[in-house]
Amino acid sequence: MTAHNASDLPRISDRLAKNALRNVSERIIEAILFAAAAVSVLTTIGIVYVLVSESIHFFAQVSIVDFLTDTQWTPLFDDAHFGIMVLVSGTLVSSFVALAVAIPMGTIIAIYLSEFANPKVREIAKPVLELLGGIPTIVFGYFALLIVTPVLQKIFPELPGFSLLSAGLVMGIMIVPYVASLSEDAMRAVPMSLREGAFAMGSTRLYTALHVVVPAAFSGLAASYILGISRAVGETMILAVAAGMQPNLTWNPMEPAATITSYIVQVALGDLPHGSIGYQTIFAAGLTLLLITLCFNILGQWLRRKFRENY
Amino acid sequence: KIDGSSTVYPITEAVAEEFQKAKKNAIKVTVGISGTGGGFKKFCRDETDLSNASRPITAKEMEDCKAAGVEYIEMPVAYDALTVVINPKNSFLKQATVDELKTLWEPAAQGKVMKWNQVNPAWPDAPVKLFGAGADSGTFEYFTEAIVGKAKSSRGDYTASEDDNVLVQGVSRDVNAIGYFGYAYYAENMARLKGLPIVNPKTGKAVEPSGANVENGSYVPLSRPIFVYVKVKSLQKPEVKEFVEFYMKSADKLVREVKYVPLPQSAYDFNLKHVKDMKKGTVFGGKNEVGITIEELMKREAKL
Amino acid sequence: MQPLTTEQIRAVIARGKAKDAIFQAVGILCLAIGLLVIFLLVGDMVIRGAARLNLDFFTQFASRRAAQAGILSAWVGSLLVMLVTACAAVPLGVAAGLYLEEYAKRNLVTEIIEINITNLAAVPSIVYGLLALGIFVYAFGFGQSILTAGLTLALLILPIVIVATREAIRAIPGMIREGSMAVGATRWQTCRYHIIPYAMPGILTGVIIGLARAIGETAPIITIGALTFIAFLPPLPFTETTEGSAGLFEWLMSPFTVMPIQIFNWTSRPDPAFEVNAAAAGFVLMAMVLTMNGLAIWLRYRMRKNIKW
Amino acid sequence: MQIHDKPALKAEARSFNFFYGEVQALKNINMPIYDKKVTALIGPSGCGKSTYLRSFNRMHDLYPGNRYEGEIRFHPDNTNLLSPEVDPIEVRMRVGMVFQKPNPFPKTIYENVAYGLRVRGERNKRVLDDKVEHALKGAAIWGEVKDRLQDLAPNLSGGQQQRLCIARALATDPELLLFDEPTSALDPIATGAIEELVHELKKRVTILIVTHNMQQAARVSDYTAYMYLGEMIEFGKTDEIFIKPQDKRTEDYITGRHG
Amino acid sequence: MQIHDKPALKAEARSFNFFYGEVQALKNINMPIYDKKVTALIGPSGCGKSTYLRSFNRMHDLYPGNRYEGEIRFHPDNTNLLSPEVDPIEVRMRVGMVFQKPNPFPKTIYENVAYGLRVRGERNKRVLDDKVEHALKGAAIWGEVKDRLQDLAPNLSGGQQQRLCIARALATDPELLLFDEPTSALDPIATGAIEELVHELKKRVTILIVTHNMQQAARVSDYTAYMYLGEMIEFGKTDEIFIKPQDKRTEDYITGRHG
């Protein structure tokens, strides 16, 4: 019972007491890390502040009802109309076209890479595909205008030189790698044991992929789709170049139209005096854009929560 | 430090390049493109030394400058001729009058005038495809003022772009297209486009868009002077002063090179004289005017 | 009901396999379309830009004469902006990721931060441009400088870095954490000696993917108003300039231009000769992105080799 | 009676070798599997039990670089399961498997059990309902889930999940059922339920079960095989193996002188 | 002699309860841990062995929502390890732990062992070298690794890794060593080496070991505690527990009537 002599005792007890210095430094580090995490919140606050504070001036002059219901968007003209739906329609139609390409194509590529292709193909194809995301979008814009549009005009002779269709298609191609790469990650996170279970039942690869892997990875897939949607809604240069910048309330992808983003760059590049109502419209438009992406995001969060990975 | 209109940018850029070369890169010049409005905003906030402008300063901007204590000298540097262009395969359009263009472009035409024969019965029953400058550009403002008679008053259902190459593409691909943009873009793409002669309202003669016609003042109303504004305070800096002098001396050659139409040399000399005499202010009094000639401008008395 | 006969089973299997084969073909086709577009675009840029792809192109400033114009200020600008972006985004992103994975308790604040990050990842880049214009350019008075552009793009890629960091941290088995804590390490010591080093390959991949995206961004930089003719380089630290000696960080406040802006500028020139320049510059930009991606793959491979559990 | 002593053969490994790439994991295995009996595979960790078990439904085909040598004959039709001409999918349709960790699909309970039938192209709702009920009853879980067939399977408890996985395997009437340590992730009560179930099932199907628990092997199996470092050391009736092992290594293992 | 029968106390659980959130995982545990002895914890899966073991070095503090009640007294200084005033980090510095699966850090062998010392702020190269060598010798692995101290630890074999983890724990001279099924992932030979090591180590430190292998408990421990559903059913000298368990449940478990 004398393994430790008496003089040891208080020392050991001391050691067990909380070490104040260490505690303080841990707290400080935690505070610093928290501050870093909070930067993202500040960014959001900053974005909302900048958009709202300028938009307030705008809405002081234009009623929200007009903003939402007017069917013309001519803020810079003598006879000014501020019907945001015109831009929203262009944004939604072009995004829809893009997603009609990107979601199926991205998902198919993801399934193929994660369930069919051998690992070498995957290791090479994925980064190469991601290069698509690295091409400056202005290059895509000219690709749409100079190559895709003429090809499409062969198929649809009545297609005008600028259209949401060709801009949307190219935008879709641009988004494919985002969707494919994120979906593939989500599918590969599905544990092998589930796949083995399915194969042990005698299912084929495709059946396993569609009936077991995809449902299991659904929340990840949803996340990738949501990101794809935000990319489409927020894409600027392709639309500015190839979609025609014509404020046109239309739901027909075969027509040219302006989108929220293309309007914003147009004004940002233009000769408009700051402080004028025309200039404030870009903040109102930006706010609308933010709200649209926010809606999709909330939808996405909800989907994710509903289909949280349950394996 | 220079900022402002994209229309004036090529000229100023050329000058800046030559100037730096001449000074062996000892002096740094930056040229930005924020648009005439954006340029003036910075100019009147005392952020830039020179401002490129494709239109005269407005009353509001004059006030801003005054509030910030910024004084300036206005210097016309070149003509910009707006060119109305059509597809080279277009066979029926030989010329157009201002009135015809007005019928086509005025706000009342929106959604109504969709066929060529609605403008002129002699023209065919074919759809009109319109291309034009973005609504926040000086080009747009000037075109509407010159043609429709009221600045910014235009129909909205046309393909607008800040990027004039996009317009070039659009017009060159569609037989029924008509569009307008700066002369330089037409000059570089003569193979793909046809410039539409415009009937001079005074003489009644159709005038082709060309350097010579602009210079001799017969291409009206679609030619306009473009400007550089220099801050009086900055002229005390030797490098700014030198730059302005260099600008005026080499303007004739460089303006030609970037496919704009130079002013007569006398106008440049006149500008330099203004600088020497510190003749501050604008001669426009805050309003834009159409079809004004450089000789008229030189006669006017500038006001702040 | 009878069990299926062997023939029936074989028929079912054959059908299933046929579907497999069809899908596989469709998959390859989709992949091929994607790759084809890349090759088309890159090939087109190479062919059209070939004439200008020589050393002069990299060492000359922009010029009004297409044949003399180079991308010196643009590529230097791009690299410097990326440097600022990386220096801002990496510590912030890694710290935020660490906090969320290793420190945060499940509560409302954490929840808000997390939802907020997913939302930010989806905010259109042009909106960041508007933010930067209001905050960095005017409120902070940074002007149209390298600093403004770098910080703007840093905010833009911050969500990417945070998400990559978190994924990488999550891949570290809990037993490593427990092993470290069990010998008496504090949380921060565990992070410093283990979590951060082991997560590094994943973090780097995320950072580089983020940078590759940032380097091609045009819209937010245009919104800041940085479309300029720049025929000089930012001052090197401690060199003599006309305004006196440059400090260590003088270059941060220098005006700049970047590759996508230069390309944008050239594509909107009236003179078609500039299109060649634009193509060549586009190719250079692609090559930069490619190099970055390659670097990411190589680094990941190199570092993974030393980390296994 | 002779017939009782040596029942019909269901399958048989003959000079079977298995390689993970360059590494030989199984060495010259010869072993019979008797029809409608439970055969237990025991042995220290890493000795190749799972590897052997998974050869019976060609699970190794899913990963590149694996190689079989020798034969596993399947009766009554005397097919060589390992032959390249034999379609692994067909093999898997005849041989069911239950894994160490329960792995229900992220679908409803009903869909989990119906999965194998759907894979076989069954569309008739009545037939499906019937078979699902039958399989769930066979796995002794019907009572617990009959009112919640549309609930998601991953919400069940571990033991229930494992029985669901057994039901899933049973639904397609396999001839041979493979169990890889089916109870190692379960609590004692769930374990008891599964053991009882195995006992029930052998009336209908042949069972091959891997376990690291010798008591379990003794309780549930008719035959036991002891493996060590990829080799089959000893095979025999369970009573005999446990009472009087022939090989020193088996004895050491059974009496617990090994890990 | 009395002193031999009842050796000094090293630690002692007193009315100890533990909760994972709302779920009570340990119920009113009272148990002594004797100095320089090996105490084995046995019991069916899920009974709370690991939970109990991990309370000794406050591992549960790492996760939110866990709650201790009662005391674990640590001797000779009679500190309550669970008291909120006691710094868990200090506790962990005095109580070492070895896990089920060897978890060496993906660093060099040297760095793995030196880690605990570095965490304590030791920078002196000589001291580090010394202590690392000493610890590796203590874990009976010095001979195998002395020429490759700069190799990456994960390249060692499983058994070596586990001994390295023991060396890592030993390097900081803990007073109590916790082992959570240290051999369950190892082959028989490695298992033997670890068991021998445990035997060696008890000359220097007190050991608390969880095992699911009763033979192992019988071989290595001086005292054995049987746990069931979060309760401590029986505690006593190993010989007595195995030969003549007092409780029916212990007997059932030892004779293998449970999972």
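Order of writing sets the chain letters: A, B, C, D and E. Residues in each chain are counted from 1.
What we mean here is this: a residue touches a chain if its C-beta (ideal position, glycine included) is under 8 Å from a C-beta of that chain, and two chains touch if they have at least 3 such contacts.
This one's a predicted model, so the numbers in the text were calculated from it and none came from an experiment.
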Original post:
When you check each chain against chain A and chain C, which touch both of them?
Top reply: B, D, E
Original post:
Across the interfaces A-E and A-B, which one involves more C-beta pairs in contact?
Top reply: A-B
Original post:
Where the centres are mean C-alpha positions, what is the separation of chain B from chain E, in Å?
Top reply: 85
Subject >> Approximate Å spacing (C-alpha centroids) for the pair chain B, chain C >> reply: 39
Subject >> For chain D paired with chain E, centre-to-centre distance based on mean C-alpha positions, whole Å >> reply: 35
Subject >> Multi-partner residues of chain A (at least 2 other chains) >> reply: 22, 202-204, 207, 265, 269
**OP:** Any chance you could list the residues of chain D touching two or more other chains?
**Re:** 89-90, 93, 119-120
Subject >> Sequence positions of chain B contacting 2 or more other chains >> reply: 33, 38, 162-163
Subject >> Residues of chain B that touch chain A when the two form their complex >> reply: 5-6, 33, 35-38, 40-41, 54-55, 58, 60-61, 107, 129, 134-138, 140-141, 144, 150-154, 156-163, 166, 169-170, 173-174, 177
Original post:
So in the complex, which bits of chain D are touching chain C?
Top reply: 87, 89-90, 93, 119-121, 127, 130-131, 173
**OP:** Report the residues of chain A in contact with chain D in the complex, numbered from low to high.
**Re:** 118, 191, 193-204, 207, 211-212, 215-216, 309-311
Original post:
Which bits of chain A are touching chain B when the two form their complex?
Top reply: 72-79, 145-146, 160-162, 240-241, 244-248, 256, 258, 265-267, 269-276, 278-279
Original post:
So in the complex, which bits of chain B are touching chain C?
Top reply: 1, 3, 9-10, 12-14, 16-17, 20, 25-34, 38, 47, 162-165, 182, 184-185, 187-189, 257-259
